[in-house]
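Both complexes below contain chain A, partnered by chain B and then by chain C.
Entry: the complex of A and B
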């Protein structure tokens, strides 16, 4: 959890805005440090978290979270965290073994044209089920990352349907929050004619979400002291007079956290 | 022209609000809903994009009773067990059935939020057909639709906009809360009017139009050029009066070689110094080339 980012977004684990849909996107850069931030943030806020980890193994997320002061293993055991390990799940779908039936969540791998209804059912059931013993806070869905689904043969429309259903259930019905990461490969293109899938996905998700964090490399090229820039964009109706739709920050990722600063005010420059 | 559209779109009108990721048109859509409600009209919303709470959050007062929200947000594809409105119901028969409860069909406005959701699942010709039938069917007085233009191919956007009687394209303005609206309006006589206006939306969803620009871009550059006059506030004088000019012309400049100067230099007056040189006996003085010893 990065406290600097919390103050930028005006939140802290004790007071979470309900119904937020935060979209993290990156272009020729890596925004996964933000996913780790939100994972530890919501676990510290005692939310019930459903994490769809499609790019890395559980051990990877666990190792990073431990550095940020949260144990995923414990959270999983307590029932606070529901983790879908995309890598091993998809393997059990592709190479079925008799003793391991695998969950229904990755059913779209068998027939990508059928859509992501099964994955949505998984999210809904894991966030809905009353877990008896402990009473957790508002539910949170985290996805790392959505563009992997495109590579697995799912169409852009199906991914947008999935995110729409998740938003309707998690944000509107259960008053929880949602954080999704999506990646864009190429340069920003002005030509609207032949949009790549990831570009269309980003646009569609941007129309749905309430806050975007767009991570880019520095336009001037590589720098050792500044790892890139984040554009924060609020898409909700402004609150009484405060009109700040966009802010730009530069960031540097440290071993156990990250620092954010206004462009040009890096400690290496000043 | 924007205020004109807000205060009662003409009967049988079809208004499209086009937005993109850089500028959301939802606030403008909400302003249109609020304006229609204030006119005592019944508003039916086909809500795909946002929930009822989110859409009606900014609306206040008793007028909300006349707003009928048809919830296609929670389950548009019928994935859960109890869908209230699905995409399959987007055809003119089903929709006119939906709109029936309000008796005054003369003052019913259908709001589609958003057309993009429908266009993603239903093929464009079918959507256009339904829209056309709705317009001509007489069930509604006007249709207002939001369209995320950057989500679709240009041809799809074009064919929907050809159906529309008015198209408002929103784009981010220069200052914080200002939005630029490019309006194209087709009147029934076939005349097409284009206009560009800058507006902002207050918290009570009222629209304030700041300036009207009939020829976009032209006026602004003119004023900029006027402002950028470099001779406006100088600390010195750039022009000469007649006396000043005379004085200037009288003055002899140091590099001008006049007769007086020449004579003064050649015939130096008494008392000035001069160089006398008497060659030594040892000097190898060459008469023909006196400068021989200079190493040139």
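Entry: the complex of A and C
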């Protein structure tokens, strides 16, 4: 959890806004540090979290979260966290065995044209389940990342359907929140008419979400001291009376956190 | 310390004990990363290890985007396999084009007494060698004792071995290593109902790799035995037409997701086992940049080689010291938040007489009489321009202050 980002977004783990859909996107940069932020943020806020980790192993998320002061293993044991490890689940589908006892959540790998219904069912059942053992806060769904689904052959429409269903269930029905990461490739302006998959996905998701965090590399090129810039853009919600839809920050990722600063005010420059 | 050593005769019990983590497994040819404790293996190219943050982390994939003639990418692949032979790791070589045995026969010969390699006198001198002429140059005495600027990337501690690419490895050393081969034309393609997005060739390869991992005990879930070893996986030219893939042949490939799905499965396999993979892909044949981007994302490390062979840069005097450019596409974040980005992004490689090195790209010193720097574009037609500028000073060659 990065406290600087909390103050930028005007949130803290004690008072979270229900019904938020936060979209994290990146282009020529890596926004996965924000996923780790939101994972530790919602776990500290005592929310019931469902995490779809499609690109990395559980050990990776666990190791990073430990640096941020949260233990995923403990959260999993307590029932606060439901973790879908896409990599290990996928193996039983990709290499068919005799005793096929994998979970149904990764069924889209078998036939990508069928859509993500099974994955949605997994999300719904894991967030809906009345465990009753302990009373957790509002449910939260985190996805890392959606664009890998496109690489695996799922169509853009199916991914957008999935996010829409999740939003209806998690944000509206259960009064929870959602954080999704999607990654784009290449320049923004190139291939104007070409409706490339990840671009269309980004547009569709931007339309659905309530807050976007768009991470980019520096327009002036690679720099060691500044890793990139984040564009924070609120939709629908005017902040504290005045209408400030967009903010731009530069960031640097450290070992145990990240610092955000106004453009041009890096400690390396001043 | 000396006093206590002489006085005490019983087995030394000191409070200073080497702190060892029992969690880390000690396997030959590996070392833990300074940054995040990952187990690293060497790629065989010392400067590449440095670039990747000390080495390749076990459980990850290194993607090499091939140069146009696949000569340098193949060299790196051979280095990677040769390092495995020397460290007594097991190998898994898969190819659709050349027989894996042929690749293994071309492995470079290791230089096992590595002290000799540092002696500059060992290398035969060329009369046209530019550093030699630089050495002879008289410079002010106060600069003479300054250390030479090191352009080749290297870390302070040594890891991995040096190889002589001009010789091939002796068969005795090579045959000592246990090697699993996957040669697509000889591999029986099963007609089992696999799912639609992955090609038969890829799923056969994935299945064969999983069998090796399970049979030879590289799986991390199996109970810990005493002798653990690393499996080095080398996959040559994935995505080429010989694998039955049409990524390279068409603008809108029918099975565009096949390679990405395979790499996803490969990542899943490697993350749960003690193995590490190097994959080469002929990316210059793939038209769709977005597709290549998603392939890169599904690998961990990604570098691209761009050789000067056959391009106009080959004859450009700016690049005369190098054989090509090396682009770092991606450095992974493993078990940590921040990835270790390289200090420098302008990198070039060269294949010296015996060794493949990666260096920081820098312009050669301008030793012409006109000191004004000529831009790259003008270089081709430079003689006329230079002489025009130099007319003023052509009378006296030596500068006088």
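The rule we apply is simple: the second predicted complex is superposed on the first by the 258 of 270 C-alpha atoms of A that agree within 3 Å, B and C clash if a C-alpha of one lies under 4 Å from a C-alpha of the other, contacts with A are read in each partner's own complex, and residues count from 1 in each chain.
To be clear about the criterion, a contact is a pair of C-beta atoms (placed from the backbone, for glycine too) under 8 Å apart; a residue touches a chain by one contact, two chains touch by 3 or more.
Just so it is clear, the structure is predicted and the values come from calculations on it, not from any experiment.
If you put the two complexes together on chain A, you find that chain B and chain C both fit without a clash. Once both structures are fitted onto chain A, a short way to say it is that chain B and chain C open up an angle of 100° at chain A, using Cα centres and rounding to the nearest 10. Which of chain B and chain C touches more residues of chain A: that partner is C.
With both structures placed on the common chain, the touch criterion links A:198 to chain C but leaves chain B unconnected. When the two complexes are overlaid on their common chain A, residue A:172 makes contact with chain B while staying clear of chain C. Looking at the shared chain after the overlay, A:87 reaches chain C, while chain B stays out of its contact range. Once chain A of one complex is fitted onto chain A of the other, the partner contacts of A:265 are absent, as it touches neither chain B nor chain C. In the superposed model, A:222 makes contact with chain C only, not with chain B. For the overlaid pair of complexes, the smallest distance between C-alpha atoms of chain B and those of chain C rounds to 18 Å.
Overlap of the chain B and chain C interfaces on chain A: none, as no residue is touched by both. Across the complex, chain C meets chain A through its residues 36, 192-198, 203, 206-207, 210, 257, 260-261, 264-265, 267-269, 271-272, 289-290, 293-295, 297-298, 333-339, 341, 343, 345. Those residues of chain B that touch chain A in the shared complex are 21, 24, 27, 49, 51, 53-54, 57-58, 73-77, 79, 116-117, 120-121, 148, 150-151, 153-154, 176-177, 203. Per the touch definition, chain A reaches chain B in the complex via residues 117, 120, 157, 160-161, 164-165, 168-169, 172-173, 192-193, 200, 203-204, 206-208, 235, 237-238, 240, 243-245. The residues of chain A lying in touch with chain C in their complex are 30, 32-33, 36, 55, 57, 59-60, 63-64, 67-68, 87-88, 90-91, 93-96, 109-113, 147-148, 150-153, 183, 185-186, 196-198, 222, 224, 227, 253-258.
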